[in-house]
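The two complexes that follow have subunit A in common; it is paired with subunit B in the first and with subunit C in the second.
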Partner chain A sequence: MHKRSNEPVFWSLFGAGGVVAALLMPALVFVTGIAGPLGLLGDGALSYERVLGFVGSVFGKLFLILVISLTFWHACHRIYHSSHDLGIRVRRGRLALLFYGFAAFGTVLTVIVVAGIG
Partner chain B sequence: MLAALGPNHRHRQDHTMTERLKEINIEVFRYLPEHDDEPHFETYKVPFADNTSVLEGLQYIKDHLDGSLAFRWSCRMAICGSCGKMVNGAPQLSCRTFLRDYYPGKVRIEPLDHFPVERDLIVDQSDFLRKLEGIKPYLHSVKPRAIADGPHHQTPAELAEYEQFSQCINCLLCYAACPQYGLDNEFTGPGVLALLHRYNADSRDAAKAERMQVVNAEQGVWGCTLVGYCSEVCPKGVDPALAVNRNKICSTKDYFLRFLTPRGTRV
Partner chain C sequence: MTRRKPYVRSMDRWWLRNSFFTRYMIREATSVFLGLYTIVLLIGLVALSLGEASYERWLATMAHPAFIGFHIVVLAAACYHTYTWFGVSPKAMPSVRIGNAPLTPALIIRGQYLALAIITLVVLVAVASGET
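Entry: the complex of A and B
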């Protein structure tokens, strides 16, 4: 009767993605989208060579892969559960496959693209 | 006003300052299965004072206007958890909700949401009671204690772990508030999960592993999407959403650590 749920796997990814989306994303948006273009970071802080150097390093690659893929898992999990809140109750399995499949696809794509840089 | 209240009420009203009583319309959900095919609403004019509760309004209707009205109540002081109703669409204990707060508007009283209606404002609680029994809501001693062993002491910190959750009075307001329970009543629900946590978090209890089976299921904590309305409507200050979220962490640990720990040692 009490079948163990596999939800902890997705909830953990959701939680990790939540930390990224809530704490790192606003900082990244500020740095790359506002402070950089406004010149608040000093000359050449976000220059092509410098960013390429960062993304080309193992740490930089790992950072980008985690930030991007965990955000995928976070968003997909949230939308999947919100769909239940909105009363979409049929074909939950297929819906889960669609959303988590999308997050998995996003993760693979991120790894391929980021690994190929530099 | 006295005439409107009827002869039975006159004596009582004589010394409750009748002149000050206002009247409010109470719209009540009615369903008498022996002759109603479907529910309908009936409106009653009820005199009230500043301290008249919604429950007293219903009692006035039953005593003076329509004796066939059925509703549950007992203590009148937010202890027993019997008189939960939907009051203008929100789950409330009718004994701690006051007519003055709705005047000059009307009050609409319905049975608690998400439960089958037996008659008028009375809902069938069987599903909740079955789930409550299922979590064994009592302390399982680590080892049997003799009277000579004396009381089982706890530190203030150990008490704080579960104290708020032990305030639950099984009034079902959180079930009426929970959209997930409304969508799918297979979900264990906020009240039972809060009570489950009350025992699991108690240092004197030894049945956590057994209750974790309920926690770990899809219908356990994982049926919750953290809407949080349960914690808002609780009349006793219990935070079921917190209990559920703490157990999502417990369940996640249990999920991954079971591969690392030998069988039988997990708690």
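Entry: the complex of A and C
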């Protein structure tokens, strides 16, 4: 019997994360990492009440869970495959467990944290 | 015991041997920065869930020059990821025809940049327009 590969599942998550990151990350990084903390978007753009309101909404929750978890799957898949190109000599199965395990852990943690807000 | 000493080409810094390899590795490396950024963002959400004081502490930490510098690097990596992702997606997607005309790679790439521009504008306006 031919053993089915699990690669299509991970590649799909990688691909979905790649699309989400390509379309959203430039804006998101600029807002939460540069303009927001520096106050370039007006006072209180990232105030506690405002961000709490966003994360408390259904749209905000879905948005954050999708963006964060898919980016985790995207990054972990890519780093896992690139580690081979860097000549890292660890058994592949162990590396896969480490990286995909991290992505799975990040997904669960994001869902728990985001669902509990608001 | 064997006395053969087969030649094994070194993997030492192979990605610097030509610019194609270097660009490939930079593209792969963008994922490290995207992953690190996502961790920082998730920590911010954990801080938010713990209350106002911890969230304000996280926001103040983000204003530290080291974190601003980190995010500038992440922004550059994110833009490079976007550029490379848009570039390969015509090759990754099935061929599409609109009526009788094929959807050309150039059109697909332009369409993606249009989507990026709209999404970026919507996010910036939504964040900046709040008065609360």
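By definition in this document, the second predicted complex is superposed on the first by the 105 of 118 C-alpha atoms of A that agree within 3 Å, B and C clash if a C-alpha of one lies under 4 Å from a C-alpha of the other, contacts with A are read in each partner's own complex, and residues count from 1 in each chain.
As a working rule, contacts are C-beta pairs under 8 Å (C-beta built on N, C-alpha and C of every residue); 3 or more make two chains touch, one makes a residue touch a chain.
These numbers come from a predicted model, not from an experiment.
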- State whether subunit B or subunit C is in contact with more residues of subunit A in the superposed arrangement. C
- Looking at the overlay, what does A:Glu7 touch: subunit B (first), subunit C (second), both, or neither? first
- If you stack the two complexes on chain A, which partner ends up touching A:Val29: first (subunit B), second (subunit C), both, or neither? second
- Task: Examine A:Pro37 and indicate which partner it touches, taking first as subunit B and second as subunit C; both and neither are also allowed.
- Result: second
- Query: Looking at the overlay, does A:Gly18 come into contact with subunit B only (first), subunit C only (second), both, or neither?
  - Reply: second
- Message: On the A-aligned overlay, A:Ser57 touches which partner chain: subunit B = first, subunit C = second, or both, or neither?
- Response: neither
- Figure out whether A:Asp85 sits in contact with subunit B (first) or subunit C (second), or with both, or with neither. both
- Query: What is the shared patch of subunit A, the residues that subunit B and subunit C both contact?
  - Reply: 81-82, 85, 87
- Residue set of subunit A touching subunit C in the complex reads 15, 18-19, 21-34, 36-38, 41-42, 44-53, 55, 64, 68, 71-72, 74-76, 78-79, 81-82, 85-87, 106, 109-110, 113-114, 116-117
- Could you please specify the touching residues of subunit B with respect to subunit A in the complex? 179-180, 183-184, 213-214, 216-220, 222, 225, 227, 248, 251-252, 255-256
- subunit C residues touching subunit A - in the complex, by the definition given at the top: 11, 15, 25, 28-29, 31-32, 34-35, 37-42, 44-46, 48-49, 52, 55-56, 59, 62-63, 67-68, 70-72, 74-75, 78-79, 81-82, 85-86, 89, 92, 112, 115-116, 119-120, 123-124, 127-128, 130-132
- Task: Quick one: which bits of subunit A touch subunit B in the complex? Just the residue numbers, please.
- Result: 2-9, 11-12, 81-82, 84-85, 87, 89
